[in-house]
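The following pair of complexes shares a single chain, subunit A, combined with subunit B in the former and subunit C in the latter.
Our next item is the complex of A and B:
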């Protein structure tokens, strides 16, 4: 029983960051329809920025977190303007190839700048975990969970209720009509990509201090993000959030009670099963036809 | 125009073809395949740093057979597929007569068929899976201990740890699973109960599920086999989840000083099986060799934490060069034959090979020394 409770607690905390990765990608992949292979690198970039600010520069941990997210958004905006803007209207394969190139270039750049050896980041939270009966959790994981949930709620609210969110939805539903209605669609493209990238950077900056930071850390994160987005349904922020939690729960319980060696396989197995029955994902928005 | 371009290209090709062997004759090339990036990058980089110390030392003393040696170092990216590609490149492209590699058992096992195919010997400096020397590959010369040797050596001291029930958390590859098998066998032989054997993907960073299971098993000791990056994560997360087990790491890749700096208080009380104890070089079987190596490492301002891994590269290259010297020529077959007879005073101890594996196609295995150290209050002490 204690073991089960511990597994469920672990899955909740892990799910928060999976959800964060998932909603960042669902904005870009689900709404903008850009197959964003740089998502994992933005995650890595966020973690390295956190490392740079906290370790060599000795910046305050919480300030570093904000700076890492802001720089992640800036990098996302640059990628949009430099790489994607000239490709508006190009077919999906061209964009995909460019993004694969950007992914490889960014990963090698990280390796060049910070070397392949893993880095660790100090954090200001107490070393002793919070103990509730037989289960325990570290303070930094609680912090990460809370911040992740706040970002998820914030992003959903942004898309649903703000003017920018409305403009985003309008632009990606019908770009030409949106432009005719006076929406500055270029700004909307940049903003969407920047927000999605910022969320990935936030996930990296939050998880960097829990784990270790190295150039290829984004590969598995990107793979899981794609899985979460597809599981939740393209473009559905709520779906991506729930998808993140489902994936974490499946991995945690699968590893705990079936086989830890196949931990990552459990999640993907579940995705295959769900897609067999719901090919558009769990919470896909209805596609408009015509 | 097309004709001129073509002839230029041909001329350039011819030039390359002519200059290639001329260049190759100035030095004797030694191929090195190590993980310089990816999941176990720290260890691979340390091994290469040690190998370079051996290279410089040998060249400063005049090289071997009147020629300088040159290490051609390739990054196998912590990936068995890449390891095969590096071996192919080193053997076919650079025409190295001998190589060293490939750190993990999984990478080494992946490379082994290439050694058979091209007939090139490889000194294995790190891998510990039993399969490497028992699968009938006569091109393998392993200087690191097998998991079985490590377990047996640990078995002589197991009484000091008062273990009643042991659990395992090992990396899910040939190295980790092999270590779990051999250590579990040894412990059972001593009448110690074995609890859960959990595995983790080499790239996994979140090990909370495995640790929750270890915690619930009710054991008192946790054996961990992986690289220093993953051991760091296990120690940190074990503390978060209040896993009270006494920790013992196997495989010699725990770089305790790196654990102290990266895992902090979570590293306290952990024990580590190592094949070199650089804190006490005077206790090594060849104290002069060990002291000199540590002094050179420090002179180069390399990370002290890397010494427990770096010595492997040094001993490996020393062994290879002794083989080349005894062979009298830089020829793969001659080096293979000569390596069987080498006696090298290495940092770990005296290196010499015994036969392992099926008769007629035996692999060579060294019998190295094993040390156990403990981390106490952020410092390393000898057990």
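Our next item is the complex of A and C:
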């Protein structure tokens, strides 16, 4: 029982960052119809920025987190303007290939700059974990969970209540009509990609201090984000948030009770099972085939 | 007639390479390049002719490699505490065929599941499949030895039992074997593409709703293409495993799928020669660049090259060259004014 509680707690904390990754990807996918293969690299980029600021530059931990997210957003905006803007109207396969090329180039640049050796990041929280009864949790994990939840709520609020959010929702529903109503689609796209990238960078910057940072860490993160998006349904922010928690729960319980070697396989098995029984995803609003 | 002669000449040229190349390392590079060309041709069948971007293709390659390796060296499986299933080693040609068959069966299964969805979802499903297979190969240590890899895989043999036998230890016979299978794969793809089934595949690439409305059974042809494609990839994997003679879960790495995709896209997807041209370029380029740049920088260059090709040569090298050739001929004859519609190149 205690073991189960511990697994559930771990899953909740991991699920927060998974949800960030999923929301970032589903926003870009839903609004721009781009399968963002660089998503995992932005996650890695966030983690490396955190490493850069905290370890060699000795910046304050919290300031470093903010800087990592802001730089992630900037990098996302650059990718959008340089790679995707010239491809407006191109079919989804073409943009997918471009993004795969960008992914390979970015990942190997990271490998070149920071070498393949895994790096760890110090954190300012007490080493002694918080113990409640039989379960224990480290302070850094609590911090990560709180920040992730704050970012999820913040993103939802942005989409629901701000003018930009309204423009994003309008573009999601009907790009052409939105353009006719005077919404600047290009700006919406840049903002969407920047926000999505910022969320991925935040996830990397948050998980970096818990795990270690290495150049190929983004691969699994990207694939898991895809799983979360499929789980939650196309373009559904709420679905992606819940999907993130479900995936984390499956991984934790699967690792705890079945086999830890297959931990990372859970997400992929989930995708295959969902496609067999409910190809529209759990929370989809639109039909996805076509 | 003329064309046949040219094709024969090209094959003859490649068959003569071991006689004058005189460098075993270069021959090794050509062998691995040939194996990747077979894999790229199989991917081209899906990506180029049916228009489905399968990013899990390396799974079929790896399944072929592992199946063939396991059957040729034998294995035992503890099914229950008391009963152990022991599989005796079988001859390599038999294991090779089993590898092809098993990869094709997996292709059928995955085709049945994943063609419920299209586009981005299909891509993600195929990636997931490859990752699951990689994790199984990594974790099912009783069977696959996991990261310790399967060693001492026997090489190919050729001969009449008891009378005469040739074991493919040297590079030259392996080279000719790979070349022969390249030719066979090429012929299979060409026959398929020019058949009724191939026309159906192209039709549903161009416009799936239209193809459906004139009575093309979409799922049937997509699954057929996947089965053949998976079988060919499995053959490439079998060749690889009996040539390198060691196989570990790294054969399932996503980067190999990407290599195949780059080969097909650069050469020209949906063309018969595209994967061969792209495969030769990207098989030999790493060696040419080796002295100039480290592997990371090379991969950065590939990534950028891929972006540039998609931007500036969206059809790939082969269609661009054949268009250029056609225009030149048009200019020389000056008969028909340039109505060179960019149709599907053959």
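The working rule: the second predicted complex is superposed on the first by the 285 of 290 C-alpha atoms of A that agree within 3 Å, B and C clash if a C-alpha of one lies under 4 Å from a C-alpha of the other, contacts with A are read in each partner's own complex, and residues count from 1 in each chain.
The rule we apply is simple: contacts are C-beta pairs under 8 Å (C-beta built on N, C-alpha and C of every residue); 3 or more make two chains touch, one makes a residue touch a chain.
Everything numeric here is computed off the predicted structure, so don't read it as measured data.
Novice: Consider subunit A as the common anchor and indicate whether subunit B and subunit C clash or fit when overlaid.
Specialist: clash
Novice: Is A:89 touching anything from subunit B or subunit C once the two structures are fitted on A? First, second, both or neither.
Specialist: Touch partners of A:89: none, neither subunit B nor subunit C.
Novice: For A:101 in the superposed arrangement: first (subunit B), second (subunit C), both or neither?
Specialist: second
Novice: Tell me the contact category for A:111 with respect to subunit B and subunit C: first, second, both or neither.
Specialist: Touch partners of A:111: subunit B and subunit C.
Novice: Regarding the shared-chain residue A:275, is it in contact with subunit B (first), subunit C (second), both, or neither?
Specialist: So A:275 only meets subunit C here.
Novice: Look at A:133 in the shared chain and tell me whether it touches subunit B only, subunit C only, both, or neither; answer first, second, both or neither.
Specialist: neither
Novice: Which partner chains sit in contact with A:226 here, subunit B, subunit C, both or neither? Use first/second/both/neither.
Specialist: second
Novice: Output check: A:251 vs subunit B and subunit C. Expected answer is one of first, second, both, neither. What do you get?
Specialist: first
Novice: Give one of first, second, both or neither to describe whether A:56 is in contact with subunit B, with subunit C, with both, or with none.
Specialist: It touches nothing on subunit B or subunit C.
Novice: Quick check on the superposed pair: does A:264 touch subunit B, subunit C, both, or neither? Answer first, second, both or neither.
Specialist: In the superposed model, A:264 contacts both subunit B and subunit C.
Novice: Please state which segment of subunit C collides with subunit B in the superposed model; the candidates are 240-248, 276-284, 294-302 or 330-338.
Specialist: That would be 240-248, the one stretch with clashes.
Novice: Between subunit B and subunit C, which residues of subunit A are contacted by each of them?
Specialist: 111, 219, 259, 261, 264
Novice: Where on subunit A is subunit B touching in the complex?
Specialist: Within the complex, subunit A touches subunit B at residues 2-3, 6-7, 10, 14, 111, 115-118, 120, 127, 129, 131, 136-138, 141, 207, 210-212, 214-217, 219-220, 251-256, 259-261, 263-264.
Novice: Using the touch definition up top, name the residues of subunit B that touch subunit A in the complex.
Specialist: 36-39, 41-42, 45, 75, 172, 198-201, 203-206, 208-210, 212-213, 215-216, 229, 232-233, 236, 239-242, 261-262, 264-266
Novice: Subunit A touches which residues of subunit C in the complex?
Specialist: By the definition above, subunit C touches subunit A via 51, 53, 113-114, 116-121, 123-125, 127-129, 131-132, 135-136, 138-139, 254-255, 258, 261, 265, 294-300, 302-307, 310-311, 314.
Novice: Taking the complex as given, what residues does subunit A use to touch subunit C?
Specialist: Of all residues in subunit A, those touching subunit C are 29, 35, 83, 86, 92-94, 96-98, 100-109, 111-112, 219, 223, 226-227, 230, 259, 261-262, 264-265, 267-269, 271-272, 275-276, 279, 288-290.
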